[in-house]
Every structure is written in C-alpha cells, then in structure tokens.
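This is the structure, below, for whatever I ask next.
Per-chain residue numbering starts at 1, and chain names A, B, C, D, E and F are given in the order in which the chains are listed.
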Amino acid sequence: MPIVTIQVTREGSKPGNDSVTADEKAALIGGVSQLLLDVLNKPLDSTFVVIQEVETENWGWGGLPVEAYRKQRGLKLD
Amino acid sequence: MPIVTIQVTREGSKPGNDSVTADEKAALIGGVSQLLLDVLNKPLDSTFVVIQEVETENWGWGGLPVEAYRKQRGLKLD
Amino acid sequence: MPIVTIQVTREGSKPGNDSVTADEKAALIGGVSQLLLDVLNKPLDSTFVVIQEVETENWGWGGLPVEAYRKQRGLKLD
Amino acid sequence: MPIVTIQVTREGSKPGNDSVTADEKAALIGGVSQLLLDVLNKPLDSTFVVIQEVETENWGWGGLPVEAYRKQRGLKLD
Amino acid sequence: MPIVTIQVTREGSKPGNDSVTADEKAALIGGVSQLLLDVLNKPLDSTFVVIQEVETENWGWGGLPVEAYRKQRGLKLD
Amino acid sequence: MPIVTIQVTREGSKPGNDSVTADEKAALIGGVSQLLLDVLNKPLDSTFVVIQEVETENWGWGGLPVEAYRKQRGLKLD
C-alpha cells in the first residue's frame, strides 16, 4: 500500500526534449513499483506513484534557483 | 490547525467534464473542513485544504500509468 | 485513486486524551473516503488516506510554535 | 540536507502582478536556505527548496475556497 | 535533483520483523536513485530520498483503517 | 496563507545535541514566517509551518543512506 512521490524539474532528459516523456514516466512508475515488490513484497496493485514536475524557477539548490546554481557550478543537468 | 491535502487525477467526474469543477472543489473543501470540526473539534478557521490535480500520465497504479492500468482491469474511472 | 493526507497536531481532542484516538482516526478515514465517493464518484477502494500527527513544537502559526501562538491569542485548541 | 517546500496561492504580491515573480522566488529560495545555515548549520549546497503554486480555487480556508473566505472576512490578500 | 518520498506502513516485510529493516531501506534508496539515473540521467549525487513509515492505524484504504480493510478483504500484507 | 514544510534529519546541530532543539525550531518557524511577510507580504497569521524530523536511516543521498554517504564523502554534518 505504498505511496511513492517523485519530484523532478520539468525539463527534458536529453537534447530535443523539453519535458519528461510519457515513456520515461511509465518507466519510473514501473521501476519503482517493481522495487517495492522486490524489496518489501508489496503487490503491484497496492502501490500508487505520483510524479510531480516542478518548473526550474521553482526549484532551489545552493541558495539559488536551480538554473543559476548550475551555471555557478558549471553543471549541465541534474 | 489541520492541513488536508487532496490529490486526484485531473479529469472530470462525469461525461462532458474534463476536470474537477469549482463546485466540486468547494464541496471537497467544505466537507473535509466540517469533518475535522465534527471528529476532532477543529474550528473551520483553523483548517487549510489544498487540492492537487495530477495529470493521468503522472499517476501510477499497478506498475502502470493509470490509464493503462484501467484498460488492463476494465475499469472506468477511479 | 485519490490520496488524502491529513496533518494534525499530536494531541487529544478532549480533556483526558493526549492524542488522536483510533476511533477518531477511523472516523476521519471513513468520512473523507465517503466524501470523495459523494463528490467525485471515486470508489472507496481507490482512496488512500494518510494521517500525520505532528508534535506541537514542530507546528508553527503566526510566526510562533503553536502553543506559544495559542497563549498569545488566548486560544484553547485548534 | 534539508528539503523545504513552500506552498502559496498562485497570485501576485502586489497590484499588477498575477503570480509570484522570478525575483520573489529567488528571494524565498535564498532566504530560507540562509535560515537553515544560520539556525542548523546546514551548508547551502545541502538544501533543496521546492515552491508549489496552487490555484486559488484549489486552496481552502474556513471551509471555503480562499477567495470566498476572503470576501466573507473582508480580507485582501493572504 | 529529484526528491523521492516513499511512504509505507510501519511493519515488517516478513514474519519476525516488525518494521522495515535498515537493509531494506538501503535497498529502496539505492534502487530508486539508480532508477532515476537510468531513466532520466540524474546523477546519484543529485537525488534525495525520504522514507516515511506510517503507523497502520494512520493509514486508510477502502474507507477503513488498513488492518480492518485487510481483514475484510482477506488480505495479508500490502 | 502559505504552508511551509521543513524536512531535516533528526540529529543535533552541534556536539552534545542529538536532535533539533525547541529553540532552533522556534527560530525556523519565526524566520521563515517573517521571510514570507517580507517577500510576498503574507501576514504572519496566515502562515503555517510544519517541521518534519526524519531518522538518518530513512534519508538517502547519493544512492546511500545519509550516514554512509557522509562517510564516503568525508562529510560531517549536512
């Protein structure tokens, strides 16, 4: 009966994508539900998964909005 | 001083609606605030309610995005 | 397939109780699940409810921990 | 390693704005990350902040959607 | 920079255990972090995981506290 | 009417403390409520703050429970 909430920034995982794709969402849902079956023996039918996409200007890290933080750190995507 | 968070899929409750209506939201807010008054004696003024609507492709059940799960199970709406 | 999260302070609703009782929790679970059936036509079997009890020193209102806030305002319980 | 979630209604803080601005979001992210450094000695790099903007019709207070509640109470913005 | 929240009932996954073990928690943390790397290319260092264990009397399903629901349905663990 | 949720590990901020103290909690509550007043003009009375303390074995970073991650990285506290 687990509930899994996955929060990510609303952006693509590779060049050309500007958001998480439906296939990627399905892979997250399938993968984490399977993990709860494998580790805690929770039936697939008992697990809810909610994916929340968050605008990059609404996500902070290092005291900065995430895009400013990445620039400061020379990071690409995370 | 309760906080109630209600997460539902973003879709209509009956044919012709494609999302939760303002009236339905008001009924949820009023009903759950009243419940907290009745059961725990919490004044209406002390209760916050937040409704979060989640795209169906962002909601997983049974290891699948919810629309695929409903199809597999022959369910209509839930 | 709704998820309802109810956050309340960990304290009793009447003199002699120092926490929410099992009966009160059952009443919250039953009441809010029924509300989602009545308002949005969600089957009872599709609704998860999670009650989170929060220590009063971990809850803030009016810029103060809630017990200090109540004292300042002359409130009893909320 | 703290996670701070800030939920506010999606509306402007002053006349002419209809939502929280990018500058205001940056000020919230910077301010709360600094607070965690000052109070708990958490490095800025260890703090995540997520801002969630909630439509006013999805926010309830006093048993009513928030705009109806404000009208009833003669409040402007909160 | 994802945040994953995993909510489960506070109980053991097999006879003799009365809660989720530290090893099971480590397997959940490692597995879901790897999933986010595999599916969305998120570096392990950018993912936070929070596991929340919820008392069974605080978890509702089917309009009932979960232990009553399981009894009604003849379920064991989920 | 904001809601701020602050999640931190359950541990002390300095040697000799094994958890967040009541004074530190009050400083977090007061500080973040003031921040919302300063930045978004939200009255103190309209802000709720909830602090959630999470056991270190329930918090993951870098694919590991946080204490293992700190050891791997040579970190002390974060």
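As a convention for this text, a residue touches a chain if its C-beta (ideal position, glycine included) is under 8 Å from a C-beta of that chain, and two chains touch if they have at least 3 such contacts.
In UniProt terms, the chains line up like this: A, B, C, D, E, F = 4-oxalocrotonate tautomerase family protein.
Everything quoted here is computed from the prediction, not taken from an experiment.
The chains in contact with chain B and with chain E alike are A, C, D, F. Among the other chains, E has the CA centre that is most remote from the centre of chain D. The interface at D-F recurs elsewhere; of A-B, B-D or A-E, the pair that shares more than half of its residue-numbered contact pairs is A-E.
Interface comparison, A-C against C-F: more C-beta pairs in contact at C-F. Of all chains, F has its CA centroid at the greatest distance from the CA centroid of chain B.
With each centre defined as the average position of its C-alpha atoms, the distance from chain D to chain E rounds to 29 Å. Each chain gets one centre point, the mean of its Cα atoms, and the points for chain E and chain F are 22 Å apart. Shown for chain E are the residues in touch with two or more other chains, namely 1, 3, 7, 28, 32, 45, 48, 50, 59, 61. Per the contact rule defined earlier, chains pair up in contact as A-B, A-C, A-D, A-E, B-C, B-D, B-F, C-E, C-F, D-E, D-F, E-F. By the touch criterion stated above, chain D contacts chain F in their complex at residues 1-9, 13-14, 20, 24, 27-28, 31-32, 35-36, 38-43, 45-46, 59, 61, 66, 77-78.
Touching chain E in their complex are the following residues of chain D: 1, 3, 48, 50. Chain C contributes residues 7, 54, 57-65, 68 to its touches with chain F in the complex.
Only residues 22, 25-26, 28-30, 32-34, 44-45, 47-53 of chain E touch chain F when the two sit together in their complex.
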